[in-house]
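Note that chain A is present in both complexes that follow, paired respectively with chain B and with chain C.
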Partner chain A sequence: MSTRKIRVATTSLAGCFGCHMSFLDIDERIVGLIEHVEFSRSPINDIKHCHPDCDIGLIEGGLCNAENVHVLKEFRESCKIIIAVGACAINGGVPAMRNHFTLKECLEEAYLDGIGVENPMIPNDVELPLLLSKVHPIHEVVHVDYYLPGCPPPADAFMKVLTDLLEGKEPSLPKEILHFD
Partner chain B sequence: MSDTMKENNNTITIDGREIPFKEGQTIMDAALAADIYIPHLCHRPGLKPHGSCKLCTVEVNGRSASACTLPAAKGQEISNNTEALNGVRKTITQMLFVEGNHFCPACEKTGDCTLQAVAYHLDMLDGHFPQFYPRREVDASHPGIVLDRDRCIMCELCVRTSREMDGKDVFAITGRGIDAKLIVNSASGKLADTDITTDDLAAHICPVGAILIKEHGYEVPIGRRTFDLHTIAEPGVEPVILRKGKHADEH
Partner chain C sequence: MESHNGPTGQTGAHLLHRLFEVQQQYMHIPKQSILELAGELRLPVSQVESVVDFYSFFHRTPRGRFDLLFSNCTSCGDTAMMRSLCKRLNVTPGETRADGLVSINETSCIGMCDQGPALLVNSRTLTGLTAIRLEQIAAQIEAGVPVPEWPVEWFRVQDNVRKNGLLLGTAFETGSGLRAALEKGPEAMLAEVTQSGLRGRGGAGFSTGMKWKFCREAKGDAHYVVCNADEGEPGTFKDRILLSSHAHAVFEGMSICGHIIGASKGYLYLRGEYRYLLNDLHAVLKRRHKARLLGKHILGQAFDFDIEIIVGAGAYICGEESALIESMEQKRGIPRVRPPFPVTKGYLDQPTVVNNVETLAAAALIAVHGGAWFSGHGSEKSAGSKVLSISGDCTTPGVYEYPFGVSIQRILDDCGAEDVQAVQVGGPSGTLIAPDEFERKLGFEDLATGGSFMIYSKDRDLLKVISNFTHFFAHESCGFCTPCRVGTTLLKNGLDKIASGHGTKSDVDEMYRMATMVKRRSHCGLGQTAPNPLLDALKRFPEVFEQRLVHDSEFEPHFDLDAALEEARQISHRDDAEAHLA
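For the complex of A and B:
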């Protein structure tokens, strides 16, 4: 059996980083965790790309722009297991509330007609990722292996899922901590 | 034979448990009286059964039927809490989630929402189907009540409560299928111009967050609400497996 650590990559797509903050609420338990886990691409270490042989990818957030789709595909290609973390990854969440409106309406409200807007102009720099016309949950684009609901999922839920996977068990949660909010 | 004895012989069997029923009771009435949970959304004791949500579908002597509308009859053998029925119920619940705009973290009703609680009960993790993200009208015209159609599941609890309990006729469903929507009884189409008040039962009956009383949404903090502390049925002891489920329509 290989003795290398389990490689975990994480990303926040159209999310608020709240799931990552909740993950970091495992506090000092991260010391025990990194005995068994090494982090590949993640906002917590600023590594820019996934190791090609990652074990677990934690995806926070849904898909609101072309870069999100690109990143998600990199994760799917690099990670054996993809976990949709939090409400936004699972159903689009709060960012998907823009789906009631057209993209044009959203941009005009934010950058032209909104209260307090100065120098009204819709940003169109080539460096900016192209917005999708609707926000989508990640399972509409890649295969998802596990769902970890919550907004955010509590730190204990992250620990439980990672511990289960490290022990070679099917990840599960006690019913009491399965929540959508 | 006396009436009492006759009544004592009136029993049905749900998942192997024999329970009594009274003449005129539905399967749902008898189950509720015996503390047997049959998942349901559009049913509320005291209101005329509607039979629309289909979550309470059970198998009665091998045939599917809605527990809330089918009268209990002597000797019925009923299957309720089975993997197959709960699988279909989960699919129905997923369809309800994707055809509306149900964003639990952004809803005042979260934790007290029956739709959410049923989803928890059925170990629902995702909506499975492509999201509709429909555009529906919010009516905040009334000083005390907000009507957010994004979350309406067309159960008609408000329609029936207004008519049967409040003696008014504030709500109705218009249109069919995907075009169905909740409307209110005023010339302007606005809730403010109806005769509903915050004292009406219909203002409080909504099982989801479609009809909400203004300025009271966060009196109980998230985490301390009904379904944060209790399950909708008996407390489940089995953990929830987080693996993405394979649907009947997948290979």
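For the complex of A and C:
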């Protein structure tokens, strides 16, 4: 057994936090999990950066802007195992629906031509991360070790993957968990 | 549907034919025509639209009055020539020039691999392109000279038969096969075909006698014979020769099959790229009618049989027999779930034999000379001979016929191929072999082939060849099943990444995993064979990949991160440090 708790970091990039909400649906099982796991950077605890020696990184959402890329790279550098969580991280998901249009078209619709727009201008503050021309799944930018599918993946799937990893096993999802219809 | 009744004196009121006429008239398929055709042919509008969108030769927006399609095959294609003509005529590939005069694009192999580079201009085949010819073409286009007025020698297609064998070398007297078959009677004739050991020449090698027997025994309102002349496998052009110089034998094979299985109707499905053969084929049919070899009471006996030609519109997948049947039924060429196989439920859900051109021609000869004559040639499990289309890096490309069991080296010696790096046997869906395997033999026991034989010398960049094939499959995937639709594109992207010098070992591993998955999980033969060139190359020529990889990094992004911000930088007029990604 390891001498320290397993360190888990989580983040939501271009996602809706639905995967995190689903993760929290493990409910009281989180008490048992905390016996073996400590959370590093995560929206759950608001820690801002990853511990340099994390074991598992759970990434929700795809990449839509420069900040997403920076965060993803920090996770890859800090975490031994990266797991792409949910449809957006794996395929781009709903945010990637903008890929059918040019970025210019999207921004003009949102900030210039859209119904109810006041003081039309495309934001250009240096504090704002620039948007990528297309939304990408995370495996196109870093190596991803495992994929946890679903929109969102059910709480049981999170538990199964984490339990397998805690037990030192290769994670595997039984068909019941992967079957959505 | 009747033959020869179309407004252009071509084939009948088939959706593909009507769409071809509309495309020729307006250089696209206007919305209004879709509605009219749906009414005329009593088809749902959605079906007509889906067909327009499925086939490469139909367009929703106008192509140029001169619409040029350069083959992008490794043997009959030259996309550098395409780019140079584009530059000369100020055309962006794939787009129509603003004045509507000309459009230029690529298309999959057009079967002119022995006389390339080649292109289609307004669906007519133009061979033997040179820099000078390109200049002349450009001048004709700019002067607005209609294609039928261009010099005829530009459109000449040679047979280039270099070596005759059992099939091409045996004289065949028109009508002799059918006469012999009618004399013998269907059962005895079927026994001859079975005894001959003839197996399907499309590549899969199913026993012809067995296929005909199953179809004969199947119950149905009608039975059909279909000749698959949708010769789309890159590097294959042997059916072109059979159709141009041995059409009687092909039609006779169809008639003999019809007699055996109890069909009164046969169809020849001709690939759209071979449209130039159509008039001659119709003339042959006419002559056969006159000679009472087609029509009612053939040769004075109680046997009625007629043949109609259906012309495709640029879809490789329609060479798959069940997709071909769908296409005949005026639908998109999506392969059916098999079983049931066409022999029990084929065209219009009736028992149908679908055979390759070469198989049917061989059957006509078997009728004359007997099954034993045929099985006396070739090897134990592969009776008879194989007509090969040889192209690529050799001195005399063309059509060669060999008895099965011939070695690859023998073929290479005959066609003058030296310093050979690799041979693609059976086309992209076949097998890529290296020099240490050149003693292997052609035949169903070892190297099966539909007839494509592409030679690559040591000067060729094999990665480009593999990449060409992988792009081909991604383009031709019908989109029905996810493993093939998505998988072939991911394989294409993976190869492009490696070719551009951004691939790592992990990309190669991932492509191997993906290729294995696509092969195993795809619905039909296209997806099941699409990864073959890649898998063969990984096994036999690993250095081709190895030398392009980035070795000091475990992973490289799939796209240029900083370039992906360029559009946003321009829109927001920013160029600060945060507006860039390393």
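Just so it is clear, the second predicted complex is superposed on the first by the 176 of 181 C-alpha atoms of A that agree within 3 Å, B and C clash if a C-alpha of one lies under 4 Å from a C-alpha of the other, contacts with A are read in each partner's own complex, and residues count from 1 in each chain.
The definition used in the following text is that a contact is a pair of C-beta atoms (placed from the backbone, for glycine too) under 8 Å apart; a residue touches a chain by one contact, two chains touch by 3 or more.
Given the structure is predicted, the values throughout are model-derived calculations rather than measurements.
Asker: Check the contacts made with chain A and report whether chain B or chain C touches more of its residues.
Answerer: The partner with more contacted residues on chain A is B.
Asker: Mind working out whether A:17 is in touch with chain B, chain C, both or neither, as first, second, both or neither?
Answerer: neither
Asker: Quick one: classify A:134 as touching chain B (first), chain C (second), both or neither.
Answerer: In the superposed model, A:134 contacts both chain B and chain C.
Asker: Mind working out whether A:90 is in touch with chain B, chain C, both or neither, as first, second, both or neither?
Answerer: In the superposed model, A:90 contacts chain B only, not chain C.
Asker: Touch check for A:126: first (chain B), second (chain C), both, or neither?
Answerer: In the superposition, A:126 contacts chain C only.
Asker: Using the superposition on chain A described above, determine whether A:100 touches chain B (first), chain C (second), both, or neither.
Answerer: first
Asker: Just to be sure I follow: which residues of chain A are touched by chain B in one complex and then by chain C in the other one?
Answerer: Touching chain B in the first complex and chain C in the second, residues 134, 136, 140, 143 of chain A appear in both lists.
Asker: Show me the residue ranges of chain B that touch chain A in the complex, using the header's touch definition.
Answerer: Listed in rising order, the residues of chain B that touch chain A are 97-98, 101-107, 110-111, 116, 119-120, 123, 125-127, 130-131, 133-136, 150, 222, 228, 231, 235-244.
Asker: List the residues on chain C that touch chain A in their complex, please.
Answerer: 506, 554-555, 557-559, 561, 564-569, 571-574, 576, 578-579, 581
Asker: Touching chain C in the complex: which residues of chain A?
Answerer: Those residues of chain A that touch chain C are 66, 69, 102-104, 107, 122-124, 126, 129-134, 136, 140-143.
Asker: Across the complex, what residues on chain A touch chain B?
Answerer: Residue list for chain A touching chain B: 83-84, 87, 90-94, 96-97, 99-101, 134, 136-137, 139-140, 143-149, 151, 161, 170-175, 178-181.
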